[in-house]
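I've put the structures underneath this note.
Both complexes shown next keep chain A, but they swap its partner, so chain B is in the first and chain C is in the second.
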Partner chain A sequence: MPKLYTFLKYFFVVIWACFVIAPFLWAISTSFKDFNSVTGGATYIPWLQFEPTLDGWSVLFKPGSQGGINIIGPYFNSIFVTLTASLISIVLGTLAAYALSRYTFKAGIVKNNDITFFFISQRIMPPVVLSIPFFIFLSSLGLLDSLAGLILVYIVLLMPIAVWIMVDFFNRVPREIDETALIDGCNPFQAFFKVVLPNSVPGMLVAGLFCIIFGWIDFFFAFILTFTKVQLLPVKIVALNSSITPWWSLSAAALVSVAPLIIVAFIVERYLSKGNLSGALK
Partner chain B sequence: MNFKHKYVFLLPGLIVLIGILIFPIIFTVRLSLSGWNSFNPGLDFIGLKNYIRLFTDDPRFWQSFFRLSFLAITTVFLQYIIGFALAHMVWKDIKFKRFFRVLFLIPMMTTPVIMTVIWRTFFHESLGPLNDFLSIFGVQPPWLSSPGLAKVSIIVVEVWQWTSFMFLLMLAGLLSLPKEPFLAAAVDGASPFKKFIYVTFPLMAPISIGAIIIRLIEASKIMDTVFVLTSGGPGTSTETSSFFIFIKGLREFQMGYAATASFTYLIIMIISLTIIVKVLTKVLMRE
Partner chain C sequence: MAKIILENIAHTYEPNASNPIFALKEMSLSWADGGRYALLGPSGCGKTTMLNIMSGLVNPSHGKVFFDEREVTSMITEERNIAQVFQFPVIYGTMTVFENLAFPLKCRQFPEDQIERKVKEVAEILNLQDYLNNRAKGLTADQKQLISLGRGLVREDVAAILMDEPLTVIDPDLKFRLRRKLKEINDKYKTTLIYVTHDQNEAMTFADNIIVMDQGEVVQAGSPKDLFERPQTTFVGYFIGSPAMNLYECSASSKNEISIGSNSFKVQANINNYNSENLKLGIRSEYITVENEHTDNSLEADVIEVEDFGNYKLVTASFDSFRIKAKVKRELDIPSEKVILKLPAEHCCIYEDNKLI
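Presenting the complex of A and B:
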């Protein structure tokens, strides 16, 4: 019985690993092909089945005037928007989460849990529902097609995540920590910044990682709210899909764009193994 | 504790969120009562006409909604089963534990639209590797151009993408479980199967509920995958609510009607999610 289980375990894990890795291997192989190798049918192994070229990769770094795609600008835009929105969301979300975890709010029938739910419920809203009013909202502010406008929208997207993770986290940080600080003569702000915050770094890191993931992988808002001046990476790459699809540069661009977040997978795994994540993520 | 301080902590976040959202929400409601379209752009007032049209004369909206429910429930169910199984498998002794853990986490870190672009080439009828492999068996299914298989393709991509998120939540949950119940089970000589049914699964119930609800919320927004993989096609056979609203509002520019659909959709979602939470809690928390 245990033997059968062990066998099934390895069998299933290996199958899933192949499934996870398949699109990446396919993309890597495709990125070294040219027109003829792509249209000649599916091939996998360079040199053996097709003659590899670097065209797909070199075109990414040429400016548009030379027939290139130039993803460097969108790349930095994506990084800037994601990091800024994540940072603002973490700061505001952590403060709000601390209030919701430590104090009691009551206004009519609205209590702490309802406020927490209000924050988190923003995730229910499909991007498309918000995109039309946001379009009009941002154009009236003159923020359409700008980084600032996108950051504003991404805060709505990311703050719920920060609040969700941090409320949970603060609920696990013993109250005695703040109470001791208050007895020692700190006011609530000093207690928070000097005592609670230093103890909350693991939680904030996890919240930050999640904000970065969900900011980086968003497509729809960037797709609707920006046009030419500001382009984010996913929009740029999907735009390639609509023309006569150059599979090779598409694959190369896709690999370049998912690469940075794969590092995040390693960080998250480290946290898991050290047991820090389980506390911050119920 | 002091009365005023709590507002200094809470209000910045709350005000920013409400400040950004208040206009879009009010505007959506107002827009849903107008006939704004490309011929007649403007906030006129046509009462409940749009709502009457939606409820009595638009099977396409309801079809897209039921299709969405089907896709969301199917994918989340699969993600839960597979994610929980994988988490359980790499929880304890397994060779290359950390390698598998990292690998299983990767899909959720990748941008859905971009990976879907890759998947689209993967599913390509004549040039993709999937049909290249299947041609060994003499079949070449039209993955993206038959209504049934297009849904299967979307489910495959969604499961690939988001099982890793379920895996993460479940693994984090497993790693945070207390040790004592397992020791007790070991003392009683429980078989691995019994251990799972009587110890692991009940202990994981609250985490399971949380994870399923988070995933259902996210899955109800299925849009990126559909947009790139099939564009709702063939015909409208893979159109989901989000995609329907997108077509109406931002392709046909029936802004007023799209807002009506959005608002109706939101209300239905909030009600059905509340019911789902209640039901799940009842089923999974049963002693």
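Presenting the complex of A and C:
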């Protein structure tokens, strides 16, 4: 019986791994193909079935004048906007979540859970509902087509995720820890910063991972709220598309854009496997 | 260190409700400096609320708290200088054992050399000296609880150490040693210790003074002997002692004679209100003796069961429709059918409306 169980376990893990890896293999091989190798039926093995070329990749880094799209600027824009917005969301979200977890708020019929739900509800609305208000809001501040404007909008989008994860995390941190710190002589701020916060790094890492993923992959707001001065990576990649779909450079762009998320996932995964995050995720 | 006085304290968690439920009903209590107290009562009787009021984690909705002459009712926790140990170990997981023990002193800005000396001293008392540089996270549950305890002990000047069922997670052998250690610490430093428990044996062996609570009220405060011999209410009689006190509804026939069913007994109480319909007689099974023939205050009962506990025998018998339990010496031969039991008048407690007369 344990043998069968082990067999089934590995069987499904292998199948799942194929599902996950296959698109990557497909994208990697396509990124080294040219027009003829892509349109002339399925080919898989480089040098034998098709002649690898770097054309797909070079388009990404050539300036527009040479027929390229030069993703380096948008790449760093995306990194800057995502990291800044995630960082601010985590800091504000953690503080808000701690307050919601430890103190009782009441305004009429609105209580802590309603406030938490209000934060989460920001993610329930379809993004298109928010597009016009955001557009008017940023234009009134003169922040359309700017990094600062995008950061502001992303904070609105990412903070609910941070609050949601961190409220749940703090609710699992026994209240006695804070109380003990108070008894040991901390004031409430010291109790938070000296005792609760160091224990909350795992939760903040998970919240950070989600913020980075959701911030990094956003296309919709990056597309609507920017025009020419500032561009983010997803918008730039979509701009590659033309009447003849350039599968080779799209594949290369997809690989380049997914790389940072894979790196972040590997870093956080080390903490995940240590069991440190179990409380934050379960 | 200080004497702690609770003056007309009461607490409800819903102060704005029209008919609030009180977790703690109005009471006044004082805890002598250097005393060793146990706060005993069933779960949910208000023990933890009372501790939290003393440590300042809860602000009482009524009444005042004094440390000596100083009123501290609205003083915040960190200024009260009190130590509290919770039921489950609370450790600062990111710190080492040394840092954990040093934390209360660091927060109060003690000089480094004093911190070092004191932490080492406490670590020695608690057998933690070999772990000082380990991360607190990796220790076992009972070692973690020792750290919680240690953080209470490093400060010599605390007003009191409040312990909320602190030995629940600790195995019985270590529990026994720790209780002894706590007693020693109390003798040595004269720190007031207040120990919350629902285990009567723990309370009886640990404290000089036991405060029994039920449903938000203090029902009796006194020495273990008082609680055992003269329970002030039927609740205390039932709650303290194993087996629980034998309790029977009875009626009074004169000032100091009562009858239960067809049996009548002399008692030492002065029953003024003979007509009361709510009289009870209580007697500890330890004081009931087995007799060979009828004497004063004896009754004949049918033996149901005799259990041998090694150091004593527990006889369960019935008379009329009542059950009676008697704890007797194990050498004694108990007849298998009928037994004559004597209820000595000096040990019979009479309760009117569940309160001792």
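Quick notes
In this text, the second predicted complex is superposed on the first by the 265 of 282 C-alpha atoms of A that agree within 3 Å, B and C clash if a C-alpha of one lies under 4 Å from a C-alpha of the other, contacts with A are read in each partner's own complex, and residues count from 1 in each chain.
The rule is simple: a contact is a pair of C-beta atoms (placed from the backbone, for glycine too) under 8 Å apart; a residue touches a chain by one contact, two chains touch by 3 or more.
Not measured: the values here are computed from a predicted model.
After superposition on chain A, the partners chain B and chain C are accommodated together without colliding. Of the two partner chains placed by the overlay, only chain C lies in contact with A:V195; chain B stays clear of it. By the touch criterion defined above, A:E176 reaches chain C but does not reach chain B. Looking at the shared chain after the overlay, A:F117 reaches neither chain B nor chain C.
After overlaying the two complexes on the shared chain, residue contacts for A:S257 are found with chain B alone; chain C is out of touch. Using the contact criterion defined above for the overlaid structures, shared-chain residue A:I132 touches chain B, although it does not reach chain C. Contact comparison for chain A: of chain B and chain C, B touches the greater number of residues. When both complexes are overlaid on chain A, the residue A:F35 reaches neither chain B nor chain C. Taking the two complexes aligned on chain A, the least Cα distance separating chain B from chain C is 7 Å.
Judged by the document's definition of touching, chain A residues 182, 187 lie at the interface with chain B and also at the interface with chain C. Note for the complex: chain C touches chain A at residues 55-57, 76-78, 81-84, 86, 88, 90, 92-94, 103-104, 107-108, 148, 151.
On the side of chain A, the complex with chain B involves touching residues 1-2, 5, 9-10, 12-13, 16-17, 19-23, 26-27, 30, 38-39, 41-42, 44, 88, 92-93, 95-96, 98-100, 102-103, 105, 115, 119, 121-134, 136-137, 152-153, 155-156, 159, 163, 182, 187-189, 192, 213, 216-217, 219-220, 224, 233-234, 237-238, 240-241, 245, 247, 250-251, 253-254, 257-258, 261-262, 264-266, 268-269, 272-273, 275, 277-279, 281-282. By the touch rule above, chain A contacts chain C in their complex via residues 174, 176-177, 179-187, 190, 195, 198-199. Contacts from chain B toward chain A in the complex involve residues 1-2, 5-10, 12-14, 16-17, 20-21, 23-25, 27-28, 31, 82, 85-86, 89-90, 94-95, 98, 100-115, 117-122, 126-129, 131-132, 160, 164, 168-169, 171-173, 175-176, 191-192, 206-207, 210, 217-218, 220-221, 223-224, 228, 241-243, 245-246, 249-250, 255, 258-259, 262, 265-266, 269-270, 273.
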